[in-house]
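Letters A, B, C and D mark the chains as written, and numbering starts fresh at 1 in each.
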Amino acid sequence: MICILKAGTTEAQKQMLIKWFEDQGLRVHEYEDENQTVLGLIGDTSGIDVEMLEMLENVERVAMISEPFKKANRKFHPEDSVIQVENAKIGGGEFAVIAGPCSVESEEQIIEVAKQVKAAGATMLRGGAFKPRTSPYDFQGLKDEGLKLLLEAKEATGLPIVTEIMNADHLPLFEDVDVIQVGARNMQNFELLKELGHTNKAILLKRGLANTIKELLMSAEYIMSGGNENIILCERGIRTFETYTRNTLDLSVIPVLHQLTHLPVVVDPSHATGHADLVAPMALAATAGGADGLMIEVHNDPAKALCDGAQSLTPDQFKAMMDKVRKIREVI
Amino acid sequence: MICILKAGTTEAQKQMLIKWFEDQGLRVHEYEDENQTVLGLIGDTSGIDVEMLEMLENVERVAMISEPFKKANRKFHPEDSVIQVENAKIGGGEFAVIAGPCSVESEEQIIEVAKQVKAAGATMLRGGAFKPRTSPYDFQGLKDEGLKLLLEAKEATGLPIVTEIMNADHLPLFEDVDVIQVGARNMQNFELLKELGHTNKAILLKRGLANTIKELLMSAEYIMSGGNENIILCERGIRTFETYTRNTLDLSVIPVLHQLTHLPVVVDPSHATGHADLVAPMALAATAGGADGLMIEVHNDPAKALCDGAQSLTPDQFKAMMDKVRKIREVI
Amino acid sequence: MICILKAGTTEAQKQMLIKWFEDQGLRVHEYEDENQTVLGLIGDTSGIDVEMLEMLENVERVAMISEPFKKANRKFHPEDSVIQVENAKIGGGEFAVIAGPCSVESEEQIIEVAKQVKAAGATMLRGGAFKPRTSPYDFQGLKDEGLKLLLEAKEATGLPIVTEIMNADHLPLFEDVDVIQVGARNMQNFELLKELGHTNKAILLKRGLANTIKELLMSAEYIMSGGNENIILCERGIRTFETYTRNTLDLSVIPVLHQLTHLPVVVDPSHATGHADLVAPMALAATAGGADGLMIEVHNDPAKALCDGAQSLTPDQFKAMMDKVRKIREVI
Amino acid sequence: MICILKAGTTEAQKQMLIKWFEDQGLRVHEYEDENQTVLGLIGDTSGIDVEMLEMLENVERVAMISEPFKKANRKFHPEDSVIQVENAKIGGGEFAVIAGPCSVESEEQIIEVAKQVKAAGATMLRGGAFKPRTSPYDFQGLKDEGLKLLLEAKEATGLPIVTEIMNADHLPLFEDVDVIQVGARNMQNFELLKELGHTNKAILLKRGLANTIKELLMSAEYIMSGGNENIILCERGIRTFETYTRNTLDLSVIPVLHQLTHLPVVVDPSHATGHADLVAPMALAATAGGADGLMIEVHNDPAKALCDGAQSLTPDQFKAMMDKVRKIREVI
């Protein structure tokens, strides 16, 4: 962190500031730059509130040198993290494919899709029981019942299950869920993140609609600071001005996150693009770009899906996509 | 869909119609508009034969409401809503000024600021007890203790209090809070919104970082569909590519929202701009643009504020701003 | 400018770098920060290519301390610039109202509108002769003929004229134009800006659809470095994810630009919002926010306008708006 | 609007229909599609009675083309366009790799890089002679001299050259350039596009910083309506709120554009990401996503590059990337 002082700061004022920093346990190194005095702060500056510092009468500006995320930072953990979920692994070279319908609709539907995606090579099953709907009048999911059906599908296929939690109060219901998903709209639901930090479940953390890479890592940091380090990051498209696609899939986060953090990164091209015919090309692109996994919506009858049918692949389309994904993986 | 009844429709005839709609699985919201009774229908109206409906003896006209928000829709409620909070009012010509520090820090601080903003013309006091911090390592607020101090400030000044809730589990602590604030990052925390819909507290709903006007109204709809119609909408800047300001304050939402909804709209130029010297100009702009109120951060010693000091006004700056705001109000 | 070196840089490598900087005429001040060596560069760093510097093997990162715009910078010119256009002035307390139709359509239309806006208090007349149309199949403007008609309107009313140039080749035709407008899509048409820098016409420079405040000032810098310092900056809305308005009007640029530059700032709420009923509220907001002027589209028959009728005010609406604008000006 | 003729329509009958359309002020573009003749109509078709048209003996069907782009529209030209540039091809299964330095700096540099990229598999050489620099104080390119050096490199290697034009006035200098590039900031420089429409050079049209897919196609339409149909579209990242990458590379445009238009689509991951270590992963992702080609910045000594060195690959890095690109192509 560096602290640039305003022109006209007196020696006495500067010394007062330096002493204040030293009282915080920091070492101060000062130099002059174009009539401005710059104080370089060395030490643990994580407890310093930058805005407060910038309000001081003599301070012109503060610039951060080090990232605010620590536990999630690759500098603190140089090896890739490999997240184990039953027999499936994600990260450190291990590729995961999480597939299933947007919502769990019935026993028949979820078991049927589970079998088909497993046959095509999926390593985990997704399905929504608690749905985040923008309108209070839309189908909100089967809830408890949906979780039970997912477990039945797990029994039938052996696929671990990934499903979204909307409220920390529901945690007891998620006992048998293998990976708890935090949806994009809850990426900064700090209370929920704190609670999840106290569990030891694997957490699939989706990037928010308009959250930066740094904010994504700070949300991971929230969970990790609570004690739970089993996090899978997920890119699902960000909000931009373009309207032809539902969101703008930002695949460059894959190599950026691999540099910044040791946590694995998966990509959800279904929610990102919003259109079934864009899913396979983007899944292949994500795989070629180095993703640690994919999350794909698959429904046996997309036209009748209770939500997001437009972006769901049929089992056949999923299978065709998986054949190509495997080949891309061999190249990478 | 709204169903406008002919003048002269009897009470009995109206009730029969309402019952018929309810039998279709619809909820009916009735209101008077310029001597006509209007029935607003909420639910799946796709099965209703509009022509048949218009043939009914008592029906003047049927209009489709294409917007997905109903209770929040001005077409359902043509008159401005005036939200009453103790002696303060917002909406329908009544202007509210909510002022106070970003966080409650101490008894002395909150009471001092409360007195100063009241003297300058504020109609409500804001202060954060539960703070949403992007980093788990930042000050998270005084919590319970913070709420108690806010109540002391209310006792000392008579100002109703506005403070943010982070978790529905905390609701019992908010018994004596006058206006419960939903922060930008929780605008689509649907579980929280549902719970707030079951209270009768006034809710100040902040627009999310990258949420559309339509999404803001759908979040209001979530709360209203739970039974609580006391909502104040708040524009606090949206996320764009520009980095000179913390967010981009979108003042055009004021006239847009006034067209779409009957709910009042306030503006928070403090969080929107992030810089104290931009707050007053934007507060004046918002007032001139027709806002129903302002939410301003004021701190007696911004340099020492525990959060967001950079955007806080001193009491003197706040007073100077209020003098101009009053004059702008006279013009509008 | 500061230059942060990678951990592991040897003494010899560091000295080589220091010598290289000194050969550039810079003074170097070095210090250690958390195991990193930081070199503070003092002097004219404007000739240094930051990206090149960041590519050097030992350089971790470079941070700018000073703004890249000089002539446009208030630090170089503390007094407000007042741009004189015939009898009208903009800046330094002088307020300009530029009004007129989107396109010049006929002699009758332009002279009629010119008279009406002048009567209502406009200080300059706008009208498009060369139109930038997104589709090659849309009306491209009356061109030469349009310019002639604008001059006739000037003769009839005394209003100086503001009109857009699309191509430096057309400059000879703009002899009698008082203010040459650079449209949003041409804000970074550097070749055009260079040419305009060689004229002494007042230039109205519109901010690009998605250009930052800094880029706007760099485009002004392009013109000023050519010798022409008569620049009026114009905010016309930026592109965001919101679709209810045509663009998002960013009024906070008014105080930000007033801090950064001495050039005057006007606001175009017509193109920003795209809807006539949002224009007046936003014009009042802009005026209250401290703008040095407004640019408003006015058409005597918006329904029949050849372009952008939806955002045009009728002369009566313009007059009503001007009455309120004057009152807001008295307060500010 | 397109008018599909019945099988068996004679030449004379077709000509009569075409003449009738032209008499309506429309331009007619005819093509064969699966044994049917289709007439694409360009112009104001609002006065045409669709039912009457469909009643004509030879007309099978009429389809409205809601998109404002016609010549660029796949509905007008169902087959992929293959752009031929000397011996290189792009589109319709043919993959192009355009590589070279950001700027042409010297004879030695450009010829050296040209040889290296050719050896690694590049099919065209890029290099900037006229550089668009955000600051008037930055290196603006070698201009004429730069073009001459590019031609020398072409002679030495046989690689066709791609270079950016900043101003239609420079067209005479571009006689021997094989592909003329329109930079992102000039995507809506309509005057330039009109001029380029009058040449028969291949045009590489870059998507603007914040331009939609539809606007990109309308800019292509500008060029095509002038008579030049040799257009290569290029995605180079869009502007969003994320700051870790220079722009946000939007790879989903590849399948979207392939649906909407017959023109080929290449991807520039260098300008999109701004960081050399993100280029290869994104190039692979683009290839896997179905791009018709790549445009990569390669410099023999990025640290000393006069511009954008941070995003340039060394020849070795480029070669390694090409090896993987070829393998991905085999899978796709």
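Brief remarks follow.
Quick note on the criterion: contacts are C-beta pairs under 8 Å (C-beta built on N, C-alpha and C of every residue); 3 or more make two chains touch, one makes a residue touch a chain.
The chain lineup, named per UniProt: A, B, C, D = 3-deoxy-D-arabinoheptulosonate-7-phosphate synthase.
Computed from a prediction, not measured in an experiment: that's the story for all the values here.
Relative to chain D, the most remote chain by averaged C-alpha coordinates is B.
Taking shared numbers over all numbers used, the chain B to chain C interface scores over half, which places it in the same class. For the pair chain A and chain C, the distance between mean C-alpha positions equals 39 Å. Inter-chain centre distance (chain A to chain D, centres taken as mean C-alpha positions): 34 Å. For the pair chain A and chain B, the distance between mean C-alpha positions equals 30 Å.
Among the residues of chain D, those touching two or more other chains are numbered 210, 239-241, 243.
Across the complex, chain D is touched by residues 210, 212-214, 238, 240-245, 248-252, 254-256, 259, 272-273, 277-278, 281-282, 284-290, 324, 327-328, 331-332 of chain A. For chain C in complex with chain A, the touching residues are 2, 4, 29, 31-34, 36, 38, 40-43, 63, 65-66, 210, 239-241, 243. Those residues of chain C that touch chain D in the complex are listed here as 46-47, 49, 51-52, 54-57, 68, 132-137, 166-169, 185-186, 188-191, 194, 209-211, 215, 218, 221-222, 225-226, 239.
Note for the complex: chain B touches chain D at residues 210, 239-241, 243.
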